[in-house]
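By written order: A, B, C and D. Residues from 1 in each chain.
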Amino acid sequence: MDLFITSFTIFVLAIFVGFEVINKVPPLLHTPLMSGSNAISGITVVGAMISVATPNTFTTILGFIAVVLAMINVVGGFVVTHRMLGMFKRKG
Amino acid sequence: MDLFITSFTIFVLAIFVGFEVINKVPPLLHTPLMSGSNAISGITVVGAMISVATPNTFTTILGFIAVVLAMINVVGGFVVTHRMLGMFKRKG
Amino acid sequence: MQSALINIAYLIASVLFIVGLIKLAHPRTAVQGNLLGAIGMLIAIVATLLDRGIIAAGANGYLVIFAGLLVGSIIGTLMAVKVQMTAMPQMVALLNGFGGGASILVAGAALVDAKDPNLQLTVATVASGIIGAVTFWGSLVAFAKLQDIISDRFGRFSGQQFFNAAMLLSSFGLGAWIVADPTVTYAYWLLVVAASVLGVFIVTPIGGADMPVAIALLNSYSGLAGAATGFVLNNNGLIITGSLVGASGIILSQIMCKAMNRSLANVLFGGMGTLPTGGPTADQVYGGKVKSATAEEIVMLFENARRVVIVPGYGMAVSQAQHAVRDLTTILEDRGIEVEFAIHPVAGRMPGHMNVLLAEADIEYDKMKELDEINPTFEQTDVAVVIGANDVVNPVARTDPSSPIAGMPILNVDKARTVVVIKRSLSPGFAGIPNPLFAADNTLMFFADGKKAILDLIGALKAA
Amino acid sequence: MQSALINIAYLIASVLFIVGLIKLAHPRTAVQGNLLGAIGMLIAIVATLLDRGIIAAGANGYLVIFAGLLVGSIIGTLMAVKVQMTAMPQMVALLNGFGGGASILVAGAALVDAKDPNLQLTVATVASGIIGAVTFWGSLVAFAKLQDIISDRFGRFSGQQFFNAAMLLSSFGLGAWIVADPTVTYAYWLLVVAASVLGVFIVTPIGGADMPVAIALLNSYSGLAGAATGFVLNNNGLIITGSLVGASGIILSQIMCKAMNRSLANVLFGGMGTLPTGGPTADQVYGGKVKSATAEEIVMLFENARRVVIVPGYGMAVSQAQHAVRDLTTILEDRGIEVEFAIHPVAGRMPGHMNVLLAEADIEYDKMKELDEINPTFEQTDVAVVIGANDVVNPVARTDPSSPIAGMPILNVDKARTVVVIKRSLSPGFAGIPNPLFAADNTLMFFADGKKAILDLIGALKAA
């Protein structure tokens, strides 16, 4: 229970950080913000890797599919964001 | 060790929250900000209360003094901030 | 000690994500911010390779993991490199869905694998399963709608909201069962099915143009699903990152709703997307009052202009006119005309959509002005060129409190000396209402496909 | 379960603190924000009463705790109600010191009491002890200096920085000993003594006017000491709150340093506060060029003015002139003159100092303008009235790159049609340099104590 409350505390603080930080992103960059934040939500890949390593074949297969899905999310998100941001140029 | 890292994570997140939140306070309110944030730093009173409740008389005395000091900080801070903020008025 | 190292790595990764998001707030540091995020992810992945369980699984385990990482990376890279800038909303929806899908599977595997599941694990697993499945299927439906794979009519039926409520309650019921008896793992897959059905039919009735709000919200859900998975695995890295993404999606959907002057509930369940009733008809608004112009006539306007403001909208994205617009801008600027862009927060079909398209065409971002900044300047503007925008320049929002877009802040192009509107017809935009701007005294319509129209203008300018 | 409840209460308290700080950012919600913080504190204290150890200590324990809470509350309330607004810097310093003192004692008690102290406990205890003692004594010295209990010359000697470094190293050495052998609890008290000496002699050399930066920094330290105590007790509430306060103090000291165009290191260890060398002397600057005026002459200026800007500085605080200034403002406004206040970020001796004093005198906060907002308006200002400000209106900052205040952003009062400067003499302000503004063509000096000068002006206005 104490462990849960600690994790929940982290959750609450991270939400505050998220709100404060995201609110400062200007409309100009909202599309890259969407794809970029999308990319980091692929952090689930880390959990998926652990699922792969279970002795149970069924969960290994689930884990493998999850690694693939999450990794598409991660790599696709970062690369497309990079592509978009590379286009934003300043005068001169 | 894991417990420490979790606590440290909370520390880091809270610092981010602090920086983001405090940076938005306008100069107009910097003095109340100083006294108000001062007041909440008196949260040490909570630790002091626990020290009072130890069986050891020496630590009970330390705890008592700490409760008094922290409570001056808390109550003095909130009351003086309230007094100051009560002065700020808008036209009309 | 090992697990401590891994947790430190997750903390570093989380800090890099946060700093990355902070840097994403300025165009000059945004590229760096995105890179920091990618580095954080790399650190998290490499650290996880040291996990006790993964090391125990030995070479085979590593093989499967690397295979998965590789396959995912290749597919992700291909998608990201191939996608057209105009298809960004779909792309985000799809990636989003994959993240949600991964959460379903990871939580399911953890439940199957758990020796002695406690309350936190089961509750969090249930949450991951429900949110993940709604995200996955909701995002796929959003993708299919935006790609015109399925029509706006698909998957709508009367009583849909009751059906969806029933699905949600079933998921909760199955979830309660799992919490009560964590050994019935098949209940988890039933729960995923129920939540998947919910995910599909909660998104099908949302109008095509409301889809971006749904996508931002699904983005938020994918974050929350990740955070829930973090509670399943007791992994702070997942919890922090999931919360960040959860906050990001909610803020973006709020911004969109505010810019459309509608509530989130109205977007998700409300009746917009069907034709509005009441209000003046198109005939009443346009009858005999619309003036159309040729490219040559518009070029004459340019010749006497000192300041031109270009207002892009959804039609610029559809006709892929952004490069032609850039060429037009260069020509006008070469003739000493000041050119700026007025970007409405919900122009197009995604927040920041127009900015990305214009940036793609090498237009400097300091020329793209936000609503508050550009509106006071229309009175000093000689020609406002509206390309495929409609609702975001509809003055009815200011004048008619009964209109469906009443109160939505709009770009006051009607204050410019002359307004040129480029679109194919008089048909309405997303809100489905006529636009009196098209019939205004100082408005000239140029009926054509957006890209073709701009190319015509360029041709006429060069000939003149 | 009990400890879970307490931890939930701490989480709720932390959230209330954060929301309170967010609300403190707007004058309209600030009072509410402060109340939320107080409620959070109440929740934390009440929840702690349920602590297993405290319950075990029985009625006696509760008695001692309540006695402590009561005594502290009474003293705190008395101090807060009695303090003059002009003495706010001292008050903050004193409260701050008490918080640091509490951290020393709590960490010490935890060390004495620990059955099996682990690494985290000992390291955090050492940190609490060092930071707490520096905060406690540093704050007391700051208080004593600001109250003129000890002079600016007190506790300065050559080689002081080496002495301080030695004290810091001793504290670290004693700390290492404690970490190695946590049973030698007397080493902790030695450590506190060494850090206390450090705290005293690190603050004594700081110039009186630099004290606010030191206080903000000590405020930050008191937060860090609290966070360290949180690590000692594994208490997330303390960790979160301590970090918030730590961040707050650092940001405020940064803001002050930036507004003075100096580095933090320069403020803490640098030589300012002694007279600057080089630069023109007072005679060169002022010789024969200073014009002084009577109250009646200044009133004639007011009679032809449409806009007056009042620039308060440290001298307004010293002479307690704020209420007289309010009366003057009312009279001028009754005559149809527009009056605004120009507040420099480091005017006075504390950030926001002038705002609090003016607010105390019932001047609406929407009339108090920040530097960026007011500077462009001086050219349309008929009379700028400078009351006891000096450095913050010294144009040398703009013109002479070798001046000690070079590059500090200043209020451009010299751009006003006429400048009236109220101070007692031509003596310099905190930076110790002459001010060419006093010798400018459009400047009139009114030599008097700030409050008396304003009362004279009011008298003359009524007579006119």
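Quick note on the criterion: a contact is a pair of C-beta atoms (placed from the backbone, for glycine too) under 8 Å apart; a residue touches a chain by one contact, two chains touch by 3 or more.
Predicted model only: the values in this text are computed from it and were never measured.
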Taking each chain's C-alpha mean as its centre, the one farthest from chain C: D
Separation of chain B from chain C, taking each centre as the mean of its C-alpha atoms, in whole Å: 41
Separation of chain A from chain B, taking each centre as the mean of its C-alpha atoms, in whole Å: 34
Whole-Å separation of chain centres (CA-atom averages), chain A against chain C: 16
Residues of chain C engaged with two or more neighbouring chains: 14, 18, 236, 240
Interface hub residues of chain B, defined as touching at least two other chains: 6, 9-10, 13-14, 16-17, 21
In contact (per the touch rule at the top): chain pairs: A-B, A-C, A-D, B-C, B-D
Partner chain D, residues of chain B touching it in the complex: 3-4, 7, 10-11, 14-15, 17-19, 21-56, 58-60, 62-91
Chain A partner contacts - residues on chain C that touch it in the complex: 10, 13-14, 17-18, 20-22, 24-25, 27-28, 30-31, 33-35, 37-38, 40-41, 44-45, 48-49, 51, 53-54, 56-57, 61, 64-65, 67-69, 71-73, 75-77, 79-81, 83, 85, 88, 91-92, 95-96, 98-99, 101-103, 105-106, 108-110, 112-113, 120, 215-216, 219, 222-223, 225-227, 229-249, 251-252, 255, 343, 345, 350-353, 355-356, 359-360, 362, 364-368, 370
Contact footprint of chain D on chain A as seen in their complex: 1-2, 5-6, 8-9, 12-13, 16
Interfacial residue positions of chain C with respect to chain B in the complex: 1, 3-4, 7-8, 11, 14-15, 18, 236, 240
Contacting residues of chain B [partner chain A, same complex]: 6, 9-10, 13-14, 16-17, 20-21
